[in-house]
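A short write-up of the structure that comes next.
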């Protein structure tokens, strides 16, 4: 029978397997040689050697640059940036260098690199350790943005990311880290840029990614009780965005609700809503609705954090409003 | 009669007047004491003193932090970041510190600061000196984003920005710098968050900002010749976004085209399209259409740069498609 | 603020502050274990002498910035025990009305201007405050506390360069506790002493025993006097040890039992007590000081715990200077 | 790559390369004035000896990274004159098929791995290439050229710390020309000599006369030999002068006529010519070398100008590893 692994354990397993499979794969980041802040890389330095799993100073700009330069020269670095809030320190390298290298060099050089980072709000991590900044990166040609919704999803998507020939921002939601899932490694790895139907339905399409997929599934469950059949799409990758899967679903349900934890304004949901509104204009029976975080930083106090963050109830409410 | 001033001269005049008006105003940035890379601050150090118009080292992160810390303590710093491409080096301070200071301190402290920066593609500045990254910043609660479309607009908007109690990213398009406009300083300063109708029309609403407003006006002119009356909205500020002006116009024209130079995917246009598609669902006679840059970095060669950048023709074509 | 050499009473008062911090953080740890503290608080236990020795020379008009390990700095700067604790447990009566929390303590009236959770992010902010002080010309200064790990961040070097160039009245106080999270200094840099970074800039710097309050007090006093006279920035590196984990809950597998035991030896409170006893202060008087501090702290903690939680309906306040400013208008 | 001490012929060959760079950039300037060069090219005129003296020790397998002023580095590393010029004027036959331009010259086959327009951005990339070389263990090295102004960027310090910590085979070559854009070194930092930044890290460093090819060649040779033996990073600061403006079109109001005249004195080409004449090489032979270089350059320039411009329909190529990857799929 299938063993149950946490999101963290499954990430470790995927990295362990990729380190074993390909000698070009190297891990680096703050404390990663001792497991990293969240224990994802625990034991990997002992198993694969200190040369391949390296601690770094607190130098997000330089270590992202070092990973990029190494990738140009044939290594496949997997860099851990402890919180996506700190990716703000590596934006020059990610956006001006890594994302544009292939293009600026006329196809001579590539940057096969994965930047693993942890995002989202939970437990009072407060304004500088809780952000969801993924939408910045879908605006950067050359990058790939992956946001798994469960342990099993993370396993395949991380391996596919490590094997890709492009710089990948791999976003892990802190709410998912402790989640357990039965795990049977089998089948082909998911293709980067293909969404999946997490639950089939006919009346409305719920589009989500990362931890919010869990909320969308909860919402679908609740809506089912009142006779509303919701189809749930797990985007898996935000860049590229799998519009064909979205279009096929909305053409069937004629209603769409997009949900993410990130601030609504300028979020990934805006891009998806704009696409649906344009490509499926004649199919829509109701306005495309977005669920996301109201326009404020993440507050520290639990009551405030809870009051601000979008969740299952918001998705259900959005659907009911559409259907009424 | 009104004198004609260039965009650069008018920015200089606005800064000169604000330096004169309020002793708290200070300018800093690379080479600003000798005029800055584009001559905007020429002569201001001589007139207002080296203490108030200061050169800095090439340290975008630190100088943004210094401006933020000084703003907290009562100064009103106006910082010049030579190219928006280099704002990537100041993201931690702008996003994690400046934008959140008021909120994290429970309203105790504010950051009245203006970060002036220059953006957009023109003349082969290539991939690292040509970007339009404004959409990142509309996703950050606490920031204000201003993008003037002409010299006269820049004058009022810069003064309003300097007087605001919040951190402002003030985006100047390099294509506009040499543009001249008759200038009569009069009337009240524009309110931050209010768009303007640049041209009245009845058949379609063209929504633009920064240099693209000029293209929208050109497109409107061309469309008028074939009997299509286009209303052109100059957003002026992207955060806050003046949805009431947009809604009023689209409720009248029932058609909307949003145009910006930035990459289409994840751009400001997505947010506007999502809003219109939701708030004006029953008003739309045609899908909201976006005009923007295809998904690639800005290439160096003029032929490629021209091929990639959106312009007047794309706006006209988008409108014709809607109307057909 | 102690102008001349501290009297015996001054030392006793400073001992009281050391105890306040130690016991305050003990309560943070206790309540964190009980699930009453949101987030992941970082304790300064063992490093208190740096906060107390430096802040003894500051007034409410001087600016202070700290980072993720800043409880002690806030209290030493004069923040109210109860309002500070209330912030750390997320109450509406907290310094920041529960918006900031442990890593973002701000008390503007006391010159406690900021604490950032991003390592190194506080350094240029402090330089900016020093610039504002320089513009005011009122002999106030700016002080920034940071860890040894922060010297890995480029902005540290950018800020030092600018501070020296502009001759800013800023005191850089590095608490070198030999670790950044779970990784020792040796694995972060070949530069053992942070003070070495000052040399290229010709910035005066000093490495001292950060666990001896008298040493910290004297060194900080000299440095700050110079700063007020406009002699430019100073870097004070205080060698210290954290007796607790990196954050509450850290199992500390990276430190041996022996190391931890050895570290206990260096407790700055025990150090000061021995010195005061040598000066003829009685054990019982010292015990009394600890007792009083304990009463104060417990009272503050209970007061904070009894305080109201923030009203969820206020969650969108304080984002902008005016309600008219938000994502969209109209 | 010159293993042992250079022969007289080696010096003549290096003189030829100096001339190639000088005349090549002269053509860039001429055509820029004529509006044939997109963007705003930065010339290394006057700094050529650094490029030639360092690159003389490199093979195509060694990595090189430069910044906005990198024409000379690319040519010294062995990039084809015509393909390089074609890139600078945006032709399809250019090194990067016209996508990169003057500030982004890449020639992977020659180990010319990158040029960044963001000051300091190339430093960690070069360290990454050095890390890859260390992993390969093939005695190749990574070299990065940067200006004095780049030391104001935090990432310079982050990279040096990491390079020393990991003992990377990287040569940091600073071309200290006393200016960053229009602002002199004094206004950028109190640290006059960039080599001073190496001291805290215990990284070997040297400040030399960057306008004397022999001095550069010798210093770089020693440093690179050590790097290949795994002795860890080295910082070579080359004091030099730019004879031209910051970019083509810079009016240089910040430099007096006298300064500019004085600077002409230091021309590295004249310097080397005097040395060769002292060694008995005839004026006419030297003139011949310049003539040949001129012929080569003019031929390359004309070839580049005659080359086809990029096909606009190819503008979306090279963004991703596969066409299936773009903003949206399906």
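First chain written, first letter: the chains are A, B, C and D, and each begins at residue 1.
Please note the rule applied: contacts are C-beta pairs under 8 Å (C-beta built on N, C-alpha and C of every residue); 3 or more make two chains touch, one makes a residue touch a chain.
These numbers come from a predicted model, not from an experiment.
Ranking A-C and A-D by contacting C-beta pairs places A-D first. When chain centres are defined as mean Cα coordinates, C lies farthest from subunit B. One finds 46 Å separating the Cα centroids of subunit C and subunit D. Between the CA-based centres of subunit B and subunit D the separation comes to 36 Å, rounded to the whole angstrom. With each centre defined as the average position of its C-alpha atoms, the distance from subunit A to subunit D rounds to 40 Å. Contact with two or more other chains is made by residues 57, 59, 61-62, 85-86, 88-89, 92, 96, 103-104, 126-128, 138, 141-142, 239, 241, 263, 265, 295-297, 299 of subunit B.
Annotation for subunit C: residues 96, 98-100, 104, 116, 118, 152-155, 158, 161, 165, 187-189, 319, 326-328 touch two or more other chains.
On subunit A, the positions that touch subunit C within their shared complex are 30-31, 33-35, 37, 55, 57-62, 85-86, 88-89, 123-129, 263-265, 294-297, 299-308.
Only residues 26, 51, 54, 56-57, 59, 61-75, 77, 92-93, 96-97, 101-110, 112, 138, 141-142, 144, 164-166, 192-194, 239-245, 247, 275 of subunit B touch subunit C when the two sit together in their complex.
For subunit D in complex with subunit C, the touching residues are 152-158, 161, 164-165, 187-191, 196-197, 199-202.
Per the touch definition, subunit C reaches subunit B in the complex via residues 63, 65, 94-100, 104, 106-108, 113-114, 116, 118, 121, 123-133, 135, 142, 154-155, 158-159, 161-162, 165-166, 317-322, 324-330. Subunit C meets subunit A in the complex at residues 38-40, 87, 90-92, 96, 98-104, 116-120, 149-150, 152-154, 180-183, 187-189, 254, 309-316, 319, 326-328.
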